[in-house]
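By letter and in written order, the chains are A, B, C and D; residue numbering begins at 1 in each of them.
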Amino acid sequence: MNPNFQTVGLWGDTSRDEVAGPVEAIAQHLDSHGIGTVSLAPSGDGTSTAEAADVDLIIAIGGDGTLLRAARSVATADVPLIGVNLGRLGFLTDVSRDQVPEIIDAVLAGDFIEEERVMLETRFSSGGKTTDRMLALNDVAVKVGGSGHMQDFATWVDGVYVNTHGGDGLIVATATGSTAYALSCGGPIIHPNVAALVIVPICPHTLSDRPLVLPTESTIEIRIQPRFDDTAHVSCDGEDTGELGDGDTLSIRVARETVRLLHPHGYDYFELLRSKLSWGHTERAPRGSEC
Amino acid sequence: MNPNFQTVGLWGDTSRDEVAGPVEAIAQHLDSHGIGTVSLAPSGDGTSTAEAADVDLIIAIGGDGTLLRAARSVATADVPLIGVNLGRLGFLTDVSRDQVPEIIDAVLAGDFIEEERVMLETRFSSGGKTTDRMLALNDVAVKVGGSGHMQDFATWVDGVYVNTHGGDGLIVATATGSTAYALSCGGPIIHPNVAALVIVPICPHTLSDRPLVLPTESTIEIRIQPRFDDTAHVSCDGEDTGELGDGDTLSIRVARETVRLLHPHGYDYFELLRSKLSWGHTERAPRGSEC
Amino acid sequence: MNPNFQTVGLWGDTSRDEVAGPVEAIAQHLDSHGIGTVSLAPSGDGTSTAEAADVDLIIAIGGDGTLLRAARSVATADVPLIGVNLGRLGFLTDVSRDQVPEIIDAVLAGDFIEEERVMLETRFSSGGKTTDRMLALNDVAVKVGGSGHMQDFATWVDGVYVNTHGGDGLIVATATGSTAYALSCGGPIIHPNVAALVIVPICPHTLSDRPLVLPTESTIEIRIQPRFDDTAHVSCDGEDTGELGDGDTLSIRVARETVRLLHPHGYDYFELLRSKLSWGHTERAPRGSEC
Amino acid sequence: MNPNFQTVGLWGDTSRDEVAGPVEAIAQHLDSHGIGTVSLAPSGDGTSTAEAADVDLIIAIGGDGTLLRAARSVATADVPLIGVNLGRLGFLTDVSRDQVPEIIDAVLAGDFIEEERVMLETRFSSGGKTTDRMLALNDVAVKVGGSGHMQDFATWVDGVYVNTHGGDGLIVATATGSTAYALSCGGPIIHPNVAALVIVPICPHTLSDRPLVLPTESTIEIRIQPRFDDTAHVSCDGEDTGELGDGDTLSIRVARETVRLLHPHGYDYFELLRSKLSWGHTERAPRGSEC
């Protein structure tokens, strides 16, 4: 099946030399195949979305952070994405620079694996008003400010009270985000085909406060119960999006938009895990062995 | 809706006085409502299943271990279960002894919450032969023997190689089992409504070898790669079921049978978590607080 | 042996009614024994130290946070402290309000256990200048700001490079502080008689980046290597003490001053652990058990 | 200072070809310097110790397991050891095969770093009888048998009750052993210069049951409180040493003998940690980064 990609959007921070070169090379390669390209500037999110609606495929060039931003920015355009890493292998940018011509040719010929990933949408509610939603492909983090004080974070799922988590905060992650910040906080690895979110407490005061895996249908609400007059910082995919104050509610659920990721033929999620997590490359000697 | 429970099976270890009394009391209570009872002996699994097919409801009286055994034994009979604990609250035996008459009356009147839980089925393959399946509601554990030596456990999901886990072993748990042994080994809490299994490494040699949440459709295969001439012990819900030797394959997947758990009206999974995990009862003082 | 306590300093936040009452009661009790009391105001640290030099014993009334502040404020005066909790048992405030008259009488009669705890002293160095030291009895924490970005924290021990820790930050804790914030971040419990500090990474990016227990003689240096233009927040015992910028060095070592804690006869550190960590009070049923 | 090593013991499993070659090469190298060598057979422990008393230095050739066994076997002879690894770098066998001639020459010339490590001695007591002690350089592990059942392990330190740990067992490790099995069970890394032992619970049922660092002066006693008729397996440095039954006491303390490890000039413990734990080699992309 020929996917008929006629126009391709190139997403990369071309103000950086190490990105501009590869972006230009990819543009030329596509041009030689008669495929038009559009440069999608990371800085102009609104514009990008408008422009993104006119392309048939987006190639994000940089690292996982680049693809995360592209995915959020063009979410409503429903265009498939493919990620090219310029350094080390990414969970999302699984095409290396060397492989680009070969893999682009294969993708143009319809030889790829398409995968659908969910995104989170987040809103603040305060005094009867609700903000516009913010999107996240990996995670939403709610954290104490710079002070050393811990805070209490109360959670509800579908309106049912769950727990009041004392500590540094909470992460709500998708399966995609389970290998990012959530993993550093003790969360599990969630296969992308599992329809689940996970709430991961950050440095919890109560030692039995553990990661909680929930259905993707869940609506999660978080309120802080400040011990002091602090607020909590909210970030989506690691980018600041606001402050949660006393009396505010942060509401998180799966967005109706999804991200369509294209992978090269032969894509293997477990191989990616082995590579990224250095499984099998331990240097510690096995215990109890004679040599 | 009236569930029309005409005959109820009572599952409990009546050879123990502290169980026999409550079982008798429940039988009398049911008799006073014109409901017949059948005693289902835990020791005769085959017989139990046969008998179980003739009852409309099974009440397991004891603790979570009692209900786990009942669920495995009567799995093919497709009869709903309700669990009565005789001591402390269980994850599965959420009806306390005091509540029994009131809750039984409510259940007989159709006032209950029904929940479906998946079970695992496990088979050994060796030299072209495959054993009968063993069932587990919580988990299947594959562990090194008593020796201090670690072993290597190789895993595949749906035929795709995942990893070779050095350490004490692996647990494959259902959402139901996620709050049992798997939790002690660093696994996440999985809400029963999430269609997922989890592979949890036991004391992994590689520190990045972390719990992996998989779709319930997965078939998981485990083989040991012995460093010494050890075998590995396999247990289902904590009961020994065999030895996995060099060259053998253990295959684990979700069984077609499910367990139908009945809970009293007002059942709240999160309240159960808070109670069982002592959330909110910490005695450690909050850090950085003036008092 | 009679300790000859003639003047006792009372340390508590008497602006709060729930503290003022108990402080007044303790003052009256001491007065009835012919012991003079001095009120040591938490807010005037400099003054407190001056005043503290004139007392023979300080009773800190409130919670662990109260005693931490008292200990830092009067460190140079070398006066023993005893901690009274007004709510739940503290690791440091192990005398409950009910026990106060009896235990004070015992302490005045010389019936107590004296224990010496080390403190940390911390200095910032920047451009050849070094700040005054700050003291901490529990811990020094260096953490990223509110942004979701992780940072790199490079560490040296006695001038030897240790590691560059990517993540949310680092805690350097004493044995005393090992049961506070450090425990929430995965650190071990360190018995107060062990001459050790511990560096605990906060939500480390590298999963093998684990708590590192070091001799108390160690001088630990920390520098941030910012990925962005962020600084890191430094706090001592949970109270903000400054920002660590690019090029600055934070130096942490054990202070020459120690804290002399007095405990009632029968003080048992392990009993305190069992109580504070709810050991033995688990509600989860044992796995594999019949009931 | 010339250490005057006149006779060197060579410890290696020469029944294996990949060990016999390097052992022979080292013997020839020493012979060319006029140094006599004695082959110390791993299998004859008693003989080895006798023989070991006549040598001035032991070179253990193999891996960490080889050096652990050598250290236990020759403990009473008070002879320094140096470890040569034949494959990957070990925590204890930090000389690689390539470096052998150069480093041996340096060591013979007195250019080395000497380090003293404590060992554990362990005894079973049962019915008034106490066994001979067993030695361990890394750790003593007490674990449930192959059954899936958890057990209760009660602990005392210097005769004071600590806790009853439900779970798979306990590890008591030295600083040396803190990077071995204990690390896989969530224990901290303990610098060899810290005078400490650590008790690490294995898969504890109670989630607040955490590693406990104790002074090296501690005597630790462990008894099982069987839920079933199981015993527990005891191993020293990963080698089976006996069964702990109901009513038995296992007593563990630091032995009077120590192990004197020689390291090449430039030995750096933190570099060893970085190498063995793959610090700084993570492949996961930093979170929140643009590339």
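Quick note on the criterion: a contact is a pair of C-beta atoms (placed from the backbone, for glycine too) under 8 Å apart; a residue touches a chain by one contact, two chains touch by 3 or more.
Computed from a prediction, not measured in an experiment: that's the story for all the values here.
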* Contact-richer chain pair (by C-beta pairs counted) among A-B and B-C -> A-B
* To do: Please name the chain that ends up farthest from chain B once chain centres are defined by their CA atoms averaged.
  => C
* In whole angstrom, what separates the CA-based centres of chain B and chain D? -> 38
* To do: Please work out the Cα centroid separation of chain A and chain B, and write it as a whole number of Å.
  => 34
* To do: Quick one: report the Å distance separating chain B from chain C, using the average Cα coordinate of each chain.
  => 43
* Structure fact -> Residue numbers in chain A touching two or more further chains are 147-150, 181, 183-184, 205, 207-208, 210, 235, 237-239, 277-278, 282, 284, 287-289
* **Residues of chain D that touch chain B when the two form their complex** => 141, 143, 145-150, 167-168, 181, 183-185, 202-205, 207, 233, 235, 237-240, 277
* Structure fact -> The chain A residues in contact with chain B across the complex are 147-150, 157, 160-164, 166, 175, 178, 183, 186-191, 193-196, 198, 205-206, 208-215, 227, 268, 270, 273-274, 277-280, 282, 284, 286-289
* Which of the residues in chain A come into contact with chain D in the complex? -> 13, 16, 19, 42, 62-66, 69, 86-91, 138, 179-181, 183-184, 207-208, 210, 235, 237-239, 275-278, 281-285, 287-291
